[in-house]
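Scrolling down, you'll hit the structures one after another.
Across the two complexes that follow, chain A remains constant while its partner is chain B and subsequently chain C.
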Partner chain A sequence: MNGLLYYLLIAAVYFCIYCIYCWGINLQFGVAGILNFTFITFVAVGAYFAGVTALGAPDGGLSGQYILGWHLPFPIPPVLGGIAAAILAVLVGIVGLRRLRSDYLAIVTVSVGQIAWFIAGNNVHLFNGWDGISQVPQPWNSVFHLSFTNYGWVFLVICIVLAIIGYIVSQALYRSPYGRVLRAIRDDEDVAAALGKNVFAYKMSAFIIGSVFAGIGGALTVEFVGAFNPSGWTTPETFIIWAAMLIGGQGNNKGMILGAFVVPVVFNEITRFLPNIPGHPQLIDSFRGMAIGLLLILAVRFRPSGLLPERKTLFSLVPTVKGSEGDDRHVLQG
Partner chain B sequence: MSLLLSGIVFGLITASVLSIASVGLTMQFGVTNFVNFAYGELLTSGAYFALVFNQSLNMNIWVALVLAALIVAVESYLVNRVVIQPFIKRKARLLILLVVTIGLQLFLENAIQAIWGAGFQQYKTSPGSLLHLGPVLITVQQLVIIVVAACIMVATHMLLKFTKLGKAMRAMSDDPELARVSGIAVKRVTDITWLISGLLAGAAGVILAINTNSFTPALGANFLFVIFAAVISGGIGNPYGAIAGAVVIGVVMEVSASYIDSAYKTVVAFAILILVLLVRPQGIFRSRGRV
Partner chain C sequence: MSFRGNLLTVSDVRKAYGGVQAVNGASFSVREGTITGLIGPNGAGKSTMVNLISGAERAQSGSIHFANQDITRLPTHRIAHLGLVRTFQISRELQRLTVLENLLLAPQHQFGEKSWAALFARRRIQEEEQRHLRKALEMLDRFSLLPLKDEYAGNLSGGQKKLLDLARALMAEPKMLLLDEPMAGVNPTLTRSLQEHIAALNKEGMTFLLIEHNLSVVESICDHVVVMAEGRVLAEGKMDTLRDNEAVVSAYLGG
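Now for the complex of A and B:
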C-alpha cells in the first residue's frame, strides 16, 4: 500500500482515540471542574485490562507474565477496560473528592499516577513489568484474516463508530439536566450545594464517566498497536491531552475535536520529524516536554477559553455583568 | 531489634531531607494558599546546580550546596514573579493556578533533562568514615545531613517566632485579608516567602541527591508525593506539622524498608498519604483545618 496513505490511516485512528480522551477529560475538567492530573493512568488501566482479557493465557515464553489471561472476543475487552478504569476512578474519588479543596484531588491523582507507574513497571506478575504486554490480537481479524495494513481500515471504521457514539453521549450528557448541574457545580460549588445538589455524588459520577472514556480509548490503543508498556504512559502523555482540551476550548465538545487535531495529531506528528541530534538521544523528547508545559501555561494565560469557547446560555432577563478580567467563567457570552 | 533501631536511624536521615523540603513547600502554601506542583523541580534544579559547582568547578559539596540553594531561591522568586503573579493579578481561579504550576513542572523537568541529559549523575564526594551509633553504622556524611537539617529547622523556628517577617508570614497564613488590612506588606512578604521556599527546596534537593548517591532529572518529581505525604500528615500550611509529618513518614518508610522490599518504601509513604486523607484530611497534628 501507499506509504503516505497508511501513515494517514494511523494518524486518523489516533485522532479518533484522542477525541475520545478529550471528551473524557472535558467532562471531568471542562464540565465538572475536576482536576485529574493523571488521566493517562486511567487510559493505561483500560489498555492493560483490555489487553489481558483479549490475549489468552500466558504461554510462559516470549509473552511474559500477566494476570487474568482471558481470551474474550471484541468488544468485551474494551468494555472490561472501561469498567477497570471506572473502578480506579471510584477508589481515587473516595479519597480525593470528599469535601476537600481541589488541591487535594490534584495531589491524590499525581501520587496515584506515580505509584501506579512504579508498580506496573516493577511488578512483573501484573502486566509483565517494564516489557509490558504484547501480541494483543486485533479485533475480529481471526474472521477477516487481513494483512496488518488492510486490517487498519477495518479498525479505523471501528474507531470512527466509537468516536461518533462518544460524541453523541458527550453532547447528551452536556445538554441534559445532569450536565447542567455539573456546570453549576463547576461555576460555584457552594451555590449548587445550597440548592440541594449532592456535589460529591455529581462530581464522582462525572469522574467515573470521564475515566470510562479514558479506559475505552486505552483499550482501542492496545488493540490497534498490539502492545503496551510503561513507556507508553509517562506523565507528559496526560498533559498532551490537557493541552488539547485547553486549546480546543474547555467545556465545548466540538472544541475537543479541534483540540485533538491541533495538539496530539499536528503537534506530535511535527515533532516526530525533527532530526535527532547525535549524542543527545533524549533531546527531542525533552523539547517536546518543555513545549507541552509551555503550551499549558500560555493557553490558560492568553486563550483561557480555547479556540472554540464554550457557548454559555444566558437567561435573557439577567443583566450582562462583566466579571473580573481574565476569569473567563464570569465573562458571560450571550 | 537492631533491625528496628537501624530503621529508625535511617528514618531520621530521610526525615532530615524530607523536613527541609516539606517546610519549604508548606510555608509557601500557607502564605499563597495554593499547592505548587513545580516544587519538586526546584529540588531537582538545586541538585543539578550543585553538580556544576561540585564537578566542573571542583568545589566541596557543602559549599556547592549553599551556592545552589541561593540560585534556586532566585529561581523560585522568578517563578512567582514571571509565571504566577500575572495569574494572581487577573484573579485566576485555584484550578487554573494548579494547571499553571503543573505546566511549569513539566517545562522545568524537561529543561533540566535537555541541559544535563537523562542519565544518572553523581557528586564527587566521599561518604566519610563510618561511625558506630550503638549497633547502627552511619557515615560522617549522614551525620552531617542530620546536623544541617536540625540547624535549618532551628533557624526556621527563630524566623517564624521572633522576627517581624515570620510574624507577618504566620498572620498571612492564618487570614490573608486580615493581614492585608492590618498593614502587612502582603506583596513583599509573598516575594520573600518564595525566596525562602526556594532556598529550602534547593538545599533539600542537594541533600536528597547526596543521600540517594546517584540521581536523574526525575529526582524531585519522584520525591514530590513523599513531600505531600509529610506536609498533609502535618496539616498543610503548618511548618511545625510538616516537620512532625516528615519525621513520621521518614521513620515509617525506613523501618518498613527493613522488613519489606526497600524499593516499595515510597508505596508506604503513599499508603500513609491515602490513610491520612481518608481519616483525618486536616492532618494528624492540626486541630483546626482549613480544608
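Now for the complex of A and C:
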C-alpha cells in the first residue's frame, strides 16, 4: 500500500511536469503553429544546466566530470535552466524562423536535436557524457533532512505551485492580444504581416517562451530524480509530448492538462503496473508505445481537434457610465 | 478633396524571376484621395507589383515611395505601420479566429500585443480591447456582418469573406488600401455592394489602389487608371479615353 501511494506520488510529480511541457509545446505549435520536433532537447538543456548549477564542483569521484558546479540553492537552478533553454531557442530561431516556411524550422529542430544529443553523449567534459550527471541535490532537502519518500511530498507541492503558475501564465498569454497575434500567424502569417505584425519577432518570442517551459520542466525532473543522461531524452520523448498535446486538444490549455494525464501518465506510467504476462517479460513495455501510437491515430481520425478542442474567444462590451457613452457617440459623429 | 499630392510613387521598378521579367521598369503614382485602378491582361505583372508595393517581395531596382518615405526595402509589417494595407486576391481570412477577432487583430501598435503586457498589465489591455471592440462592432455593422461576429471566419461564405477582408483592413486605420482583385469570383449583387462601400470610403477620404479585372467596375469607380502590359506601364488616364487607346486594346485582345 505504501508502495502504491509512493508510486502515485511519483506519477503526480510527472503529471505536473508534463503539464508544463504541454503548455510550452502548445504555445509553440497549438497557438503559434511552430513545428518543434525536438522539444525534448530544450527540456534536456534545462535539466543539464539546472543540474550542474545545483551540483557542487566535481570532485573527480563517482559524480564524474561536468561544467560549472556552482552549488546554487533552489529556485536558482531551474531559473538558469529556463534561461539556458531560452538561449538555445534564440540560436535555433535565428537559423530556422527567419525563413517563412514552417517546415524549414521542423527540419532544423530535428537536426539540432541529433547534434545536441551526440555532443552531450560523446563529450565527457560537459555533462559527463553517456553516464550523465547524478547526485543532484533535491531542493531545500539540506534544510528538511527528509527521507526520499517523505521528501517526495515536499517536491510535489513545489511542482503543483509551478504548474499553477504555468497555467496562469499560459492562459494570460493565450487570451491576450499577444495570443491573438500568435493564432493569426498560425492561421496565415502573410495576413498577419499585412496587418503590421512582425511575424519573425512573434514566432521567436513564442518559441522562446515555450522553450522556457521546457527548460523549467527539465530542471524539475533532474532535481527530483537527481540524475540525467542522454537515454532520458531520446527522440521518442518528444513524440510523447506531441501526442499528449494533439490528443489533449491543441490550442486549449485545459486540454493540455487532460493530454498530460492521458498520454504520459496513464499510458506511459500507470501501465507499468500491469501484471507481466508469463513468458513475455517485455510484452507490456512493447505494447505501451503501440498503444500511444494507436491512441494518436484514433484521435487524429475521430477527434482531430483533440479531447478538449480549442474554444471560441467571445467578447462583450463592458457597459460604460451613461455620461461617457454619450460622449463617445458625440466624438464618433464629430 | 482633389489636387492633393501623390501618396504612392512607383519609379522604374524591376523584378525578374529567373529569366522572366515580371515587372520591367514600371512607373506610376497614386494621388491622395483618389481611387486609382491598375489593370492589364494576365501576366502583365499586376500581382508582382502588388507584392512589391506591399513588401511581400523586394524590387531588384527602382524605388517605391509612400507618404514621402522610401518603402522599397521595408518588410511588410513596417509598410503596414506607415498606413499602407493590402488585401489578398483570394480571401485569406484567419479561419480559427472569429469574425470579431479578425477585426480586433488589425489595429496597429496594440499595447496588449506585447507578451509581458499580457502578464502584467491586464487592466490597461482591457481598456484598449474595449475601445477596439466598440469600433469593430461599428465596422461589422457597416458591412452587415454584425450577426456573424462570433462565427469562425473560416465558416463564412465567399462573399462574406470579401467584406470581412475589407472591414479588417479598415480597422488598421490605413492611409491607403491596396485591394488585389476584390471583385474576383464575386456575384453581381455583392460586386455592387463592394463597389458602393469603396466609393463611400473614398468620399470619407480613403485612397485606393484597386487591381481589378472587371473593367466596368473600374470605369464606374476609378478616378484614374493605370494599364500595365508585359511588366511596364502602357498607358494612364481616364477609363473612357483608354478604351479608345489602340495600344491598350491590342494588349487586351492580342496578348
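The rule we apply is simple: the second predicted complex is superposed on the first by the 278 of 334 C-alpha atoms of A that agree within 3 Å, B and C clash if a C-alpha of one lies under 4 Å from a C-alpha of the other, contacts with A are read in each partner's own complex, and residues count from 1 in each chain.
Here is the rule we go by: a residue touches a chain if its C-beta (ideal position, glycine included) is under 8 Å from a C-beta of that chain, and two chains touch if they have at least 3 such contacts.
Only a predicted model underlies this, so the values are computations on that prediction, with no experimental measurement involved.
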{"item": "Contacts of A:G33 with chain B and chain C, given as first, second, both or neither", "value": "first"}
{"item": "Partner chain(s) touched by A:G289 [first = chain B, second = chain C, both, neither]", "value": "first"}
{"item": "First, second, both or neither for A:V90, with chain B first and chain C second", "value": "neither"}
{"item": "Chain B versus chain C as contact partner of A:R101, first or second or both or neither", "value": "first"}
{"item": "Touching partner for A:I115 - first (chain B), second (chain C), both, neither", "value": "first"}
{"item": "Broader residue contact with chain A after superposition on the shared chain, chain B or chain C", "value": "B"}
{"item": "Touched partner set for A:T235, first chain B, second chain C, both or neither", "value": "first"}
{"item": "Contacts of A:A57 with chain B and chain C, given as first, second, both or neither", "value": "neither"}
{"item": "Interface residues of chain A shared between complexes with chain B and chain C", "value": "none"}
{"item": "Sites on chain B touched by chain A in the complex", "value": "34-35, 37, 83, 86-87, 89-96, 98-100, 102-111, 113-114, 117-118, 221-222, 224-225, 228-229, 232, 236, 263, 266-267, 270, 273-274, 277-278, 281, 291"}
{"item": "Contact set on chain A toward chain B in their complex", "value": "29, 33, 35, 37, 94-96, 98-104, 106-108, 110-111, 114-115, 118-119, 122, 235-236, 239, 242, 246, 280, 282-283, 285-290, 292-297, 300-301, 304, 324-327, 329"}
{"item": "Residues of chain A defined as touching chain C within the complex", "value": "169, 172-173, 175-181, 183-184, 186-188, 190-199, 205, 209, 251, 310, 312-315, 317-318, 328, 332"}
{"item": "Parts of chain C lying in touch with chain A, wherever the complex brings them together", "value": "54-56, 75-77, 80-81, 85-88, 92-98, 100-101, 104-106, 108-115, 117-119, 122, 125-126, 128-130, 133-134, 137-138, 150, 152, 168-169, 172"}
